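Two complexes, one shared chain (chain A), two partners (chain B, chain C).
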Partner chain A sequence: MLRKKQTKNNHNQISSNLVENIDKIKNDFSYQINNDFSFRMLTAKFNQKDICLCYYASLVNSDKIEQSIIKPLLEQDGESIANIVTVESVKVLTDCDEINQNVTSGKVILFMEDHSQAYSIDVSQFEHREVSQSENESVVRGPKEAFTESIHVNISLIRKRIRNQHLVSEVLHVGKRSKQDVQLLYIENIANDQLLENIRSRINAITADSVQNVELLEQYIEERPLSIFPTILYTERPDNACTYINRGHVVLLMESSAACLIVPINFWAFFHNIEDRYSRVMFSNFARAIRFLALFLTTMVSALYVALANFHTEMIPLDLLLAIASARDRVPFPLLLEVLLMEVAFELIREAGIRIPNPLGPTIGIVGALILGQAAVEANIISPIIVIISALSGLTSFVISDPSFNFTVRITRFIFIFAASLFGIYSLIICFVMWLMYAISLKSFGVPYFAPLAPSYQSNKNIYFRKPLRNEKWRPKYLLPKDMKMLKK
Partner chain B sequence: MDKWIKSTVLIVLLIILSSCQDMIEVEKESFVIAIGMDVTDQEGIYEFTFQIANPNIASPMTADPNGAPDEILTVLGADIMTAKDKADAIVTKRISLDHTAIFVISEELARSGDLLRVIQPGTRTSHMRHDIQIIVSKEKAETFLNNNNPIFEQKPYKYFQYKITQTKETGIIPYADLHRLLQITEGDADLFLAIYATTIHDEEEIEKSEDQYLAGELLQKGGDKTQFMGSAVFKNGKMIDLLTAQETRIANLLDRTVPLNNILVTYTDPIKPEFYISGNYIQTKNPDIKIDYDAKANHATIDVTVLFEFEILAIPSLISYAENNEHKEILEKHLVETNTQLAKKFIEKTQEEYRSDPFYWSLYIRKYFKDVPSYEKADWHNNIYPNAEVNIKYELKRLQFGKTMSDTNLSEVRD
Partner chain C sequence: MRINTKLTTYEICALTIIFIGIKLTDTTPTLLSNSTQNAFWYIPLISFIVMFPFFLITLYLLNKYKADHLVDLLQILLGKTLGKALAFFIFIFSFFLSAFDFRSYVNQIKLLYFDKSSITIIFALLIFISIFGAIRGIKVIGYTARVFFPLFQFSLVLLIILVYPSLVFERIYPIFGSGLSNVMYEGIFKGSFFSSFILLMMILPVARKPENFYKGTIMGLIISVLQIVFLFLIYATFFDYKSIERVPYPFHDVALYIDLGSFFTNIETFFMTFWLFAVFIRFILLLYLNTWLFGATFDIDNFELLILPMGFLIMVIGLIPDNIIVNEFVYRNHLLNLNTIFLFIVPVILLICHFFKRKKV
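And now, the complex of A and B:
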């Protein structure tokens, strides 16, 4: 491997002939066709040699080039380039591949006559959005800022919260044609080495041409792409990311993603919410109880209705049963179809609501839900109780805030409805047990999906409910952190 | 891959072949609320009356003001299930017994001893509840169900539910569900009490002291025709006698398996016997039942201790029981004595007449036997209970006088 690399190096060595170098780079970057690839030739004052600057005009700060590179080179005397150029980051390059990569990431490459080295000067200026409020994970109590599409800003948002010299941001590259940086953020003396090695090897194993952002990266590094359960947490909140980093998780960041990935993760992370930590312990536990109820309702209520009304009518109070029967009397469809009709309609409204241009969105949602439900009942297409059932299961699904897990829950609901329609509660329970067995069998970067509940690990027992912060003593054992203790006494 | 194909095929086959076995749409079922059972001239053939709820009365949106709340249908059959099949031929929707709450059995059928034969499918089918209440009607069950037209309650199933809970609270009807009937009858000990009810009233009220009535004996003007009062005594599945409201109450209070309630009772005034004292009889604890069993002599001594409280609600004689300690003592003694006497009298009656008990006391003697055959040999019904020595002791734990201590002085008012 090492030898191979060396031979490659020799092959791509920068020559000391400036013209040769310029020809090569012109060729590599399709000069003249490629409109924003720019050249600037000048003669340096300090040694009277020809110098060539090449860069992408769209990626660099032109003022900075003028003020910190061109002007000093033309006017200043000095011993070497590093002493003349006033930009903060100057790197020496010897390899042609490195040159290409540096140009594409917004650096100016400086070639000098009779010099077999090139200089990479960082003047990049990627355009990005300002830091704005978190939209998908909004909280009532707690910081409002969210990641934006710039890796530097994102890392600074994290460093702002973790003032620790052991917080490391390690760079890996992905993509064979378009090379992108992936930054791993972790606390060096907490995060487990094997875990890091696992993450590195998965990222290095990616053979794709280009991986634009973390949303795509997630799909390349996860264990089971066909599973209905997410195994990587995706969050747009820097404070959330920091909480996980402090526990010993690893955060993955990329340029042009307003979010990060957190690995490894378990089921509970999707169920918990960052606001659980910000609210006082009783309040957050109350919220969790509500969320559990919502999780149960959203996955089960439609399926239970199908099971009870089709198979176990003896379990419904007679009053309600007769009301259902009399309403169903005028509906031409079987009960299962009725439930599916309404559930699918709800999913349609929901999907449309996301795609519709902003000002129309909420209106369509309300119109869709109200008019559709009401009109369908009046037209005897569905019975009124179905509207309640599907509204309940639809509404409660919004309580599950994580977008990935939300999909899990919604797909699960349909699976359960079909299961319930086979043999009632009997098949519903079988299906639920199988669903649970599958979920428990999953792993995220080697960590069991239901840890620390099953299998049991030493942790803060932040599972169903959480403890007061003062009693949180341990980092989760399932991450095998280098330091288990969270509180130092 | 092969494994996947095989398992997929198996699952698909399982689904197709089983074809949603039990499934039925709710609107294709009609729900029976009550089943009446009568004898016919033919042996082995009985008359079954099904009261079927009209689903349209359940929701105000679909309710038809002129629609009947129920449909009552009578067919012949050998047991409930065959009768249900026959009724299915008449009713438009499939009949479901899942929600049946009431069995009405005519006194004639109950006394004939065929009851178990008729309701036997109830133990086999999964489509019948075990908490079905058993009512014995004085008249034919068919007549009972047809006559029972509650004035306020539009929904017949609500009527039975309310009526039975309400009367149970006053203690004048027993706890009588199907499960208890089967349990007691198969246990081959104790007596089962069924609710006694009727829609036919006596022409004249017989003068009786408070609570000694049976259903049908209360004179009423207006109101619902149906009276629930007293109980029918079943021994080995055959009805043998009737208990009055008062006897039913005693049976309830001495039975540890029956939930406790506050009961309104009336006693004679100990100082002026022409007046009555009424109040709440409160029993917060189940009676303490201790059985000593002498295996050699096959003789049992049953010690029963009942702790009760009494809250006085009315003293029409206006005697100051609250303020005068002497009077109070007389009253306390009187309450204990009256209760003891009534209970003793009733227990004697059960020992001599029925030769078994309606209190489910056989539960407390079973521990003395090492297996079922030896217990059966000892024979609770015929040997142990009728000859047992029963010591019953009432203890008054607390006497309350309600909100006021003294009553209005009538002589002062008359001034």
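And now, the complex of A and C:
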């Protein structure tokens, strides 16, 4: 038993023999097949010992290796590696697991003869996109930068907006086979400790082989994977993330993800837009009122049409009723089928529109509009009123800017249509009450979904409409921040 | 994270107003105007003035003994067995009253909107939503009431504004209707309009602070009584005393009559949506409180598992009356009369026991 233990320990430790180390690392990284993995042997000038550099050629900046590691080692005198190598980050490693992790992260490992330690020198250079405009969350007024796929660039985008020494970026590892870093950003004298504990425990409980990016991480740490309501906010704008960090939320970033996750979140976060804060109070409240109307229209207008036209025809004014009746005179399908046909067709066009290659886009748009709009009406498959209603409910769904919540709204629309076809307004209101009570009973990382409306907490009351910025005094209490006041007098 | 998710004054007030104030939309005016003609509009006020001291007594005793809720108070004051027996009686009364209440509203929906549908299906849908909502828990019911409450008040205000030009205020004369003695008799014996208030006293543990509960319920009670009286006044001045006896559902009739300009002439479905929402919240709460009362009487901790069987039982009992007439004028009328006597006696018994306990100590 003792012998086995010893070999285990020895297996993980770095030996003083350079050849043994090189053999081991060649074995670990499949040097025979792996074209990427490179070696550089040299003899240091300062102590005349053999040195071996190991790295992935695709992940490192070769100029930096040449100028800041190899050149000083060959030409300079000094006492230790740390005094000769001019790269800004030099770490000492004692573990073989750490060595593997560091090489896959783009660092150079330096083995020296008769040294039972290795040095890890950071020369990583991951290729990534440059900082560009946000495609999915565009604003008219405000900064237009978006996150890119490099975590250092993302953190710098956040840090330049929050110049606070208490802004902490904590690292956690996920993935058993391929270890990725998850960075938690929060202001440590505002964010609640139990919330952080909750987030850490959920991330540490992930047992997947690899979690590549933040979109996958969201599905691992959320509470109810089968719910139609999202409980984590996904945004690709750094200014959005910074607003939430300042209130006491926590932001999750990963390498190779051009977006971040914000936890914990409530219903209003999906409904509010970052542009609300950049416009003046009356303008942004007007935009919010329009967005409310859009939310109501997109979920309810088709269902209301089905309910009223089928069950409560007395509510529709007489002239309009006659127009609807005459338009539907020659249509062979029942009303519900017409509505479903148009809604499904709209969803199909929408999904197709995302995947269409750019040169074909406008053509398909015209063809789709022609086929669905004009031809179907003239062939008496659908009535013209349905085209208007379906277009209204489809277009108003674009007002909801968050991509996850957009799906919620679309799914809800179909649920309401089916409910309204059963018993009219009666079953529609039943379904609406069920939907509302289900949403109200949700929690995101311990925070109720409809806070601060219900339950009510001390906050800026930024629910339906917002107050002028000068009057925003409090952080939201449902996050239990360590410091409630936003203004320092 | 330990956030306080309990209910505040506003939520409890909204719950009370929706719970009790929905009375202005059912057949109560018809029932009252049978004996008191056109003086029915201030009878709820008389009933309230008569019942209010008894409610205050119960609230005072709840506060004094720092009881968890109503059943706890009964057990403290009357001893375990007697308290449980009394709580069981209260439960039986309120259970049957709830079942006929359910039936009354199902009748309403059927008569107004779904004449040819089967009453079982409509009842089943109502029970379904009540069970679904009650399983979510009392806190979610409170939050939903809070979200919905402004909309409900807005619809009432809109109704009042739209009907105002058609009111004839001289119709409130003679003030005492068919005679002062009739009015007083009806006022005193129909105190069980507020009988559901005794169920509301089960909510005490869910309030953030007991003061929130007391303030919320008393404010809610007063506001809902004022609303009921005001709306009844509108019915009295809109329909005359002869018509009101023939109109089973004055709220919906008023909604049928009014119009929004010359284009929207039939907007009763608009008011129906808000009315339905309030009805659902009321019945969800009614089912939950009945089950809670049952669970507290028999010391059942996980009483939320009983919501489904209770709901089904209520549906079965509610389907017993054959039609509206039997339901309203036989079952509900007698039950309401009996319940009032019960509501008078229980606080008095509690007060007597309180004095005895004080003397002993």
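Here is the rule we go by: the second predicted complex is superposed on the first by the 472 of 489 C-alpha atoms of A that agree within 3 Å, B and C clash if a C-alpha of one lies under 4 Å from a C-alpha of the other, contacts with A are read in each partner's own complex, and residues count from 1 in each chain.
By our rule, a residue touches a chain if its C-beta (ideal position, glycine included) is under 8 Å from a C-beta of that chain, and two chains touch if they have at least 3 such contacts.
Note that the coordinates shown come from a computational prediction; the quantities given were computed from them, not determined experimentally.
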### Message
Under the superposition described at the top, does placing chain B and chain C together on chain A give a clash or a fit?
### Response
clash
#### Entry: In the superposition, chain B vs chain C on chain A residues touched
C
### Task
Please indicate which partner A:L195 is in contact with in the superposed arrangement: first for chain B, second for chain C, both, or neither.
second
### Task
Figure out whether A:G175 sits in contact with chain B (first) or chain C (second), or with both, or with neither.
neither
### Query
After superposition on the shared chain, which partner residues are touched by A:G78: those of chain B (first), chain C (second), both, or neither?
neither
### Message
If we overlay the two complexes on their shared chain A, which of chain B and chain C does A:G365 touch? Say first, second, both or neither.
### Response
neither
### Query
Should A:V447 be classified as contacting the first partner (chain B), the second (chain C), both, or neither?
second
### Task
Would you sort A:P143 into first (chain B), second (chain C), both or neither based on which partner it touches?
neither
### Task
Answer with first, second, both or neither: which of chain B and chain C does A:G106 touch in the superposed model?
neither
### Message
Touch test for A:L335: chain B only (first), chain C only (second), both, or neither?
### Response
first
### Message
Quick one: is A:G424 in contact with chain B, with chain C, with both, or with neither? Answer first, second, both or neither.
### Response
both
### Intersection of chain A interface sets (partners chain B, chain C)
311, 314, 318, 423-424
### chain A - residues contacting chain C, complex
192, 194-195, 198, 308, 311-312, 314-315, 317-318, 423-427, 429-430, 432-434, 436-438, 440-441, 445-448, 450-451, 453-457, 477-480
#### Entry: Complex contact set, residues of chain B against chain A
15, 18, 20-27, 29, 31, 33, 53, 55-59, 61-62, 96, 98-99, 101, 127, 129, 155, 157-158
### Task
Would you mind writing out the residues of chain C in touch with chain A in their complex?
1-8, 10-11, 109, 113-114, 117, 122, 125, 128-129, 132-133, 136-137, 139-144, 146-147, 263-270, 272-273, 276-277, 280-281
### chain B-touching residues of chain A, taken from the complex the two chains share
309-311, 313-314, 318-329, 331, 334-335, 384, 421-424
